[in-house]
Amino acid sequence: MLLRVEKVTKSFDGFVAVQDVEITVAQGQMACIIGPNGAGKSTIFNLITGHLQPTRGKIFFRDQDITGLPPYTICQLGMGRSFQRTNIFPRLSVFDNVQVAVLAHRKKTLNFFTPSKKLVQDETYALLAQVGLADEAQSISGMLSYGFQKQLELGIALASEPALLLLDEPTAGMSPQETANAIALIAKIVRERGLTLLFTEHDMDVVFSIAEKITVLHQGQVLAEGTATEVRGNPEVQRVYLGETA
Amino acid sequence: MNTPPTTLTVPRQVTVPTRTARGDRTTWIFVAALVLLFWVPEAILYMGWARFWITLLAEVFIWGLFAVAFNLLMGYTGMISFGQAAYLGIGGYTTGLLLKKISGFPFALGLIAAPVSGALAALIIGYFCIRLTHTYFAMLTLAFSMIVYYTAFKWYDFTGGDNGLIGIPVPAWVQDPTFANYYKFVLVVTLVGVYLLWRIVNSPFGKTLTAIRENPDRAGFVGINVKRYQLYAFIVAGAFSALAGALFMINERSVYPELAFWTRSTQVLLMSILGGVYTFFGPIVGAFMLQLMDADITKDYPQIWQLFLGSMLVLILYGLPGGIMGFIQARDTASTDDAATRVRKAMGEFSRKFWYFFAAALFFTAFFHILQAPDTWKTTVLLTAAQAVVGVVLCTWMLRQLNTFTQLWRVVFLVFPLLPLALHIALHTPLSGLMIVVLWAVFIYNYLWQAEIREAFGQPQHVALDIAPEAQ
Amino acid sequence: MSDFFVQFLNGVTIAMTIYLIASGLSLVFGVLGVLNFAHGSLYMYGSFLLFTLMRSVFHSPSSFWIGLLVVPLLVAILGAALEMGFLRFVYKADPLYQLLLTYGLVLIMSDVVKLIWGAENQSVSRPPGFNGSVAIFGQLFPSYSIFILLPCGIVTMIGLYVFLNRTRLGRIIRAATQDREMIGALGINVRLLYTGVFALGAWLGGLGGVIAAPMGAIYPGMDLDIIIDAFIVVVIGGLGSLAGTVLGALIFGLLRSFGILFVPQFETLFIFILMAIVLVVRPQGLLGKHVTSGH
């Protein structure tokens, strides 16, 4: 198991956001967490990436206990993440956005004197090309359209050469055509690089099209878990979540 | 992944990165600056101008170094320090004490001791300060700088207290009656310092700092230990600031606690804002302009220096937040509006802010004129009122014309500041009065010549722009 | 023992003065989120306006009482004008910009004071009946301090407490400290509220200027001197907490008073060290709420 979330509970001043959640993701798997708004999906992500500390429970990544480690350490251990609301470096160019992530990954950030533009050019351009942003390299990232910003998010996450890629609602706010393109791109990248993917989603078509393992969260607890078929057939899930839309 | 088509298709320019060439070019700019500026004192003496200009320039260079060091924290890392002057004091006193108390202490070593002590102090102070953010960070840096000030002030036996440390021995080749040697010495040291900072800012370390400024959370999750890099930035800034402090000391051959007083910290802050915090050379430009205005106004009108400075600050904050050099507007760039809406909003902003500059230019023309000829103040006020009425009518009409997006009006607006400029020259108002007009012109250029608005001009777009909101 | 009490009383007097000024600063920060550098300037204008009133308008020391009534109101109007003319446009901007804007106003107001009143020190005499001293434990205290300064401070404290905790308007203001967006959503005219709160803060600053004037010198530059002290007080007590301001003022006053007694050279240094310690150990101040991101 690449990632093991073991009986993790997080409460904020008495409000229990997630309770006794267990999630496992195997190497190379494409796993998904679904659930209605407020179910705790983003909280789980934040717990995994170290932005929040669990009140109880442990999290293991590559069999190493990462509970309580700061986000930058967890990132260095091999996790990459995109965020639900685009979380980029707005006044930097697209190129700079990705380059700084590559530089950090390559541990070149304490270099005080080499002009940075001479470093890691090839890797950065390759990443930009892979997420379809090669033409936008010099654009100021904050001025890009939403779709492009999402692509940039992916590019930044990939720059850390993660073993586990966490994508928080990667297709939020996209049109059906854009969603299809985004998912195709993500699947392609994941397969080519042999990554493990864990993502959260609202769009059921997306979920059922690529997710090999689905965890359903409801009010902070795991409701069901299994393959697409299993989850679709689960009466609890249908009642709570899919029932309204089925 | 295609973006939804916008009403106004603005072709994006695909530029191949040519920055490698530019970077090397900048090194040559430094060399050129060194060569050109080196002979300025001789030129000044030859022209028969006052020697005071040589000292002024030397001081400007030191302030420039200090401002660039300060801006490493503010513009590049996003940490606003209200107590950077502490390092001026630490640098000045370290070098001063070493040179004075230890007889025969080598000058070069004393000079090097300044940035070293600055770095050490910044390490200690920074360790505490970086735990905080924004207002609290600013308050703590302020507290530490006042601690430095009061320590220097009260520790009479060691630092000479409020009498300062005087009579510090400095090699003879630095002192000379024309100050030319001192000037050259300062020029070389500050150029080297600024060059080093230039390299630092463009290095991977510098890029990391800008990432931290832009989005500390995201920077954390690309593997950057944000707090540690903030501390590094703090240390570098402290070191170079201390060097500046030592340079200040060398001119007077004395150092006083005032070097670390908090008003000096705000002064460097103002310089950076004036010149523009998001560019490297902005703070230097700001330092130059501020010292020039200071010399200019305190000569004849010392009583309104702060009034002028405050008005400049307010004007810049409202109209030109990116400072003189700030061609990256400090506006909300994460907007999801399409291009047409952005253009429309920008034009609206332009119209609104235009009036601030108008009011300021009008006010200061009148104000300076009254100061010069107080007896005729009634006439001046009447004339100003007339100017105001005419100006308001004229400018309102012009602004309306501007919204038709024809090229002619863009040029008209750019040329417009020549009018108040001519007025200032005719009235013999001090140099600083021209400053407002310069700022006004920069403001107009900034807005009307930035990429998207430039695209909008020359296309008869006002119909399309009217329906643009629905296109979202 | 009596020495101790004397110093204690002295410290309390200092505390009252700085409390009056710092309370306005704290209130404005708590509701508007702006650390108003120009608060010291408002205090200064209070003193100078009192000076003009007593010297030029009424030519009599007993007009102090009129001044006490009228001057804070004038300063409140000035404050409201500043808020409407300048501050209201930068609420959405970076806190730094707000701070810088208020600093710009400080610079402007500083020179305007010199233009209007000249650069010399001025003074006003204490109102008749309060000119002398009162003996407490064998030490002489100015009767002004005991009978005017202290009571005014206490009345203000109680008045603010009652206003903020017992009146509807006060509750709205306290709610605005917690959540500014909600207030607007509840149908309250946020603009008016902000102007009103700023005016109230200015009123407090002006009151401080009036009360402190007979006890010290009135001079251009007092704005900068006092604002640093006010910053220290609100930082120690807790930005935005009014009870914290009282505590901070007491600590400041007592430290200064006893400091002068025991370590006469270093009391200012100690105060800044205390400020630094508080910021490092407990940045929200002794009684402040936990520091949220954005400040």
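Chains: A, B and C, in written order; residue numbering restarts at 1 for each.
The rule is short, and it goes like this: a contact is a pair of C-beta atoms (placed from the backbone, for glycine too) under 8 Å apart; a residue touches a chain by one contact, two chains touch by 3 or more.
Computed from a prediction, not measured in an experiment: that's the story for all the values here.
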For subunit A and subunit C, the contact-path distance works out to 2
Of A-B and B-C, the pair with more C-beta contacts is A-B
Centroid check, CA-based, most central chain -> B
Chain-centre distance (mean CA atoms) for subunit A and subunit C, in whole Å, is 50
Chain centres from averaged Cα atoms put subunit A and subunit B apart, in whole Å, by 40
Expressed in whole Å, how far the mean CA point of subunit B lies from that of subunit C is 32
Contacts with two or more other chains occur in subunit A at residues none
The subunit B residues in contact with subunit A across the complex are 1-4, 12, 14-15, 17, 19-20, 23, 199-200, 202-208, 210-211, 214-215, 217-226, 229, 232, 278, 328, 333-336
Contacts from subunit C onto subunit B in the complex sit at residues 35, 86, 89-90, 95-97, 99-101, 103-112, 114-115, 119, 224, 228, 231-232, 235, 239, 265-266, 268-269, 272-273, 275-276, 279-280, 283, 291, 293-295
Listed in rising order, the residues of subunit A that touch subunit B in the complex are 49, 51, 70-72, 75-76, 81, 83, 86-92, 95-96, 99-101, 103-105, 108-119, 132, 135-140, 142-143, 145-148, 150-151, 156, 159-160, 175, 177-178, 181-182, 185
Subunit B residues touching subunit C in their complex are 80, 128, 131-136, 138-140, 142-144, 146-147, 150-151, 154, 262-263, 266, 269, 273, 303-307, 309-311, 313-314, 317-318, 321
